[in-house]
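First the structure, in the form of structure tokens, and then the observations on it.
Going in written order, the chains are labelled A, B, C and D, and every chain counts its residues from 1.
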């Protein structure tokens, strides 16, 4: 059982999206494609699976055992899905039918793809779910599952038909640190009994844990290839080195001198909040002084964002109260969002939105160019709409928008979790330096403990129950 | 199950308000309308040939029009509360028996029409939605726009000419046998289908592009099984939900189709009652149509609950 | 006129292909209606009882109707009146619908439930009763019919606008703008209206066609007849009896309505949800 | 696999439709379709349907030429002073429920008819009593038209069991050749042959009546064979049906005239010459050929040929004389304004023409008149409303002009209607604020003179007076039309629209 790709590339018309590259995979082995968003990792996986969108074609050869996949007619290719080739989709909580019970979506693979009769199919489903600790979740709808449970369910549904080659596309996207190890062990299980694993990720820690062979991709070109242990210790290529350095664990230790804490801008006394019948935190008191960077961390669903919103006055605590320092204008308490495009009105150019802000607060335009310079943003961006600009640039623009109002408190809610490692490596230090320079208190929320440890003066860790559904999911369930 | 009880309570409240609304509107009808009511009712009763002053005066005495507006209004609502709808001024029959007779015919026609619309509209729409911007999709759009710009009486006439005069399959008009319901129901159904087919097409196009549909296919399910188990149900929710809003066109269409096909329905009766200012009859038919609408909407809500389990927990 | 409703900041070049066709179709229809009478002296009421239901000829490009009147003149007058009245109906349905929808979506809570209940009740009342009540109060006035029709159609705008406003009210973009110190007016103009515009203009497109068809239905049960004015809906009823004798006659108002609906549909670019 | 789904739906639709195919074709029931709905069982409200379907009968009947003949009453005679009428009932007549026809039943029916609005209330009746096998009516003054009034449908005789104790009609139990089997108001009535009918029984076993208000629907039902006889075809369909092989078309002139009722109190319509100008400006030929589609419908006088005694043969159809009409208005001082509308001492010559759509051709004729009078310089706005607006406008004086179709054959002798329309203070459907003593005297003496040469001369004199003074302007005469399926023999149209004459019909052998 082998997978052999020879000069496999993807073209759209005449421009080449992924340059031809070759790799080999044998039974029991695993290969990880590492690179940033837009590097063409997913396109390679889709080329192998045969699910390239219209207008894109794969070139070169893909030999699976003795069969050449690219040449097969689409009908034949589709017969391999599930039976031979298994694709684990991105964000599995979207890839499950919202109206069908969880167990049923696994049973249908046994029943209709593997071809079992009704009873054996039900029996094998029960056993598969039990093995993945999902027996309690069989009757639930996907909307009621946590991210980790959804990932395991999708895995059970996809591998039920016994496919030997498992392709995992960004398995840890949207999951927090604790879930990452769970996913890695899940993938290794697929590889253990003679299967082959092809993983696509931008997370270096996942690549390091999986081991086996690694291939680093940049802008559709294979930059480096080799054993994970060797490539991820001393990468030969320059891009490999920068990619490694971007991992928060590798960041240099903070060397900022401890500074005298000024008069706090905000105090919280005995804050308590219960959400969905569960107490998130109790009796929490804190004070934020200018120039201080405070981190809040904890597993997903533990109430990090809720605490930040309470402090900013965007919600009412059940117990305790928040007290702001006197004489500070309300618009100097600002917030940065996890998904940058969501914080802008999509229909207007960025320049228009900025002019609105300047006119609203009667600020002179000459404050903008120095900030553009400091945030390394080209003025040409202002003539584009939020949708036509990258996530990194947009986050820096929202930073600019906020700095125009000399904020005293900035609550950054997972500001870089949706961004690539390199962009994150560049933006976060910029954010903390600017906060310190302008004596603005920065409240940083993230589920990545390494990141918080390397950026903040002090940290508040919240405990939490892991079975809470994904925040994104809860919204889906209650949508009218 | 509190979702179900709150839904039913909401619809019951709506039914009450509709009854109150109809009562008030028809009461206004008696008071505000120019043109002598007594003359119109006499014309309705005895045929316009032998309507004259003493006929109109006889009717006026009988109705005892006049009296203080507020007093009459409360008295009027009192009757409505006791569901005593009184007697038709034109035919003298009790309104309740007339409405029950006509409502039965209209309900039959409406249900067959909705059934036909569901058989014609959504399946074609879903086929068009699966292959977006294919030839079927374009034909579906043009067909829907054409049907939406044809008044229902033109559709009705075309159907009679083709199926009754031309092929002789169905009787042209009137009622009596089971065969009489097909052409009027089809005329209504085509109007409804034109709307529901586009809703189904959009829903299906959305579902076909969704990640869970792609995962169902990459899991190995055939296109037919994926459509049957995942496509149909997910696309069905917006179609059924839109059915509730669509009933407005059904009620309007019923009026025209009934008078074209000489079908003794409630829309036809409402028009005659309004023209003849037979106010108790107007109130009875309007009330029946309003409550029919609320009942059909409740049915639609229940089906939505059935199809979409998420709504049950929310 | 329907095009202005979409209010999207898009120039002609930027209009995608379908919408350009839609706008072109509508402008052509309106051009025929408004420019034709300037080009040639047309009297929609002049009759010639000796020359009824004449086939289209060079002298009479669209033939003559059942009273020998020039069908070209009547179609031009009908397009002017019907599109004008349809606009009245659409505006009198869209304004309350959008305003109440935004109010319900924005405030939520009991205002939302109360307005929702009122909308459901108005939807349940037979539209015909409302229209006839208005037609009876202001007999012989076309606008009364169109406003009566709008009384039923506003609920569709209300439901679509409320859903969009409700989802936007809780969105981060609004929270961010509020934090930045912007007032309600700004939020409406920058955030809400561009999101509502396509949905509202689609409903407006179909609302116009429904208004005209409703007038045809009313004319069928002989309400709202007002000779000699030429109105698209009523013409369909008047010319119906001659569908076998002169089929091209009744096809003309229907074809114009078809083009109107198709034009609005392509222009709006999206079907009503 | 989708094809499987579509085939399945097509199959189910076909299966359900199949049984219906035979039903439509082979039934041997006579299906009659007409525009008028049955809105009640009460003879005074919907009696015309039961009379036409020969379910119920009246004391006096009419023959094919419209002359009065004995009906349920064998013979009738009047006292010397003409104030006491005695109608002797036929014996051996049974109601459909088997009960015998008695004088008491007839008296009860006539008393009900006299108490309710309808034709019988015209007669000056003091008392109605039963006297052995006969019915006696005492009048306050001589009234020669009484037999004619007793031929009206509202005077039909129903069995005592047809009424409940507070006088409402609960069933239609008549004495006619057909008995009711099912009745669904307002649309449908089915009847079957009544075997022990006193006259010669019908040959067709089953019959049904369906009310279909739309002209197009009725025409299509005739074409598709669903209806064996269709009454009142709209002009456009009539031409098409004439070409159908399986149908024969029957037409007969009706004693009904389309007239424009003028309010003589209106300043513009007060003098005769203005009314004459309006009449001259009407293009009757155009309306007859273009709208009614029957050239002979052009009305040169008030009374159509169907009313033999009243119709005058000499005057040729007055072709439209616009010049004379304009001259007449100029003499009256109506000067032509620059907008083409005439004005006189500051007032525009603008009038409102009220009509109704129960008869589909009336709004079309109104539109035609509107344009024709615009050429004359008179601005006319047309108000299409409910039929009752004309009598209502007559009484509150608000009516200016009313376009209507007046039936002078409601009763076999038009005199009854004329006395109602052109009496001293006019009539709801007749003159308004106009009267002529000479005409009143003539109409009075006509009620006493027996039929004959003298009566016809007086009738012609009255007709001449009306055509000269023009309180109402005649526009067109009506034709009753019917489409009859070829498999029927012996069909004829009743000009007085009293009966469908079903008993004379039989299935042809072909």
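The working rule: contacts are C-beta pairs under 8 Å (C-beta built on N, C-alpha and C of every residue); 3 or more make two chains touch, one makes a residue touch a chain.
Chain-to-protein mapping (UniProt): A = Peptide/nickel transport system ATP-binding protein; B, C = Peptide/nickel transport system permease protein; D = Peptide/nickel transport system substrate-binding protein.
Bear in mind the structure is a predicted one, so any value in this text is a computation, not a measurement.
Distance between Cα centroids is largest for the pairing of chain B with A. Computed from the mean C-alpha positions, the centre of chain C lies at a distance of 42 Å from the centre of chain D. In terms of their C-alpha centroids, the spacing between chain A and chain C amounts to 47 Å. Separating the centre of chain A from that of chain D, both taken as means of CA atoms, is a distance of 85 Å.
Inter-chain spacing, taken between the CA centroids of chain B and chain D, is 36 Å.
Contacts with at least two other chains are made by residues 139, 240, 243 of chain C. Residue positions of chain A touching 2 or more other chains: 480. For chain D, the set of residues touching two or more other chains reads 216, 385.
Here the touching chains pair up as A-B, A-C, B-C, B-D, C-D. Against chain D, the residues of chain C that register as touching in their complex are 45-47, 49-50, 52, 66-68, 139-140, 222, 225-228, 238, 240-245.
Interface of chain B with chain A (complex): residues 210-212, 214-222, 225, 229-230, 233-234, 237, 307-310, 313-314. The part of chain B that touches chain D in the complex is made up of residues 35-36, 39-40, 42-56, 58, 90-93, 98, 101, 119, 123, 127, 157, 160-161, 164-165, 168-179, 182, 224, 259-262, 264, 269, 272, 275-276.
Listing the residues of chain B that touch chain C in their complex gives 10, 13-14, 17-18, 21-22, 25-26, 28-29, 32-35, 141-142, 145-146, 148-154, 157, 198-199, 201-202, 238, 245, 248-249, 251-253, 255-256, 259-260, 267, 270-271, 274-275, 282, 286, 289-290, 293-294, 297.
On the chain D side of its complex with chain C, the touching residues are 215-216, 234-237, 239-240, 283, 286-287, 289-291, 357, 360, 363-364, 366-368, 370-372, 374, 382-385.
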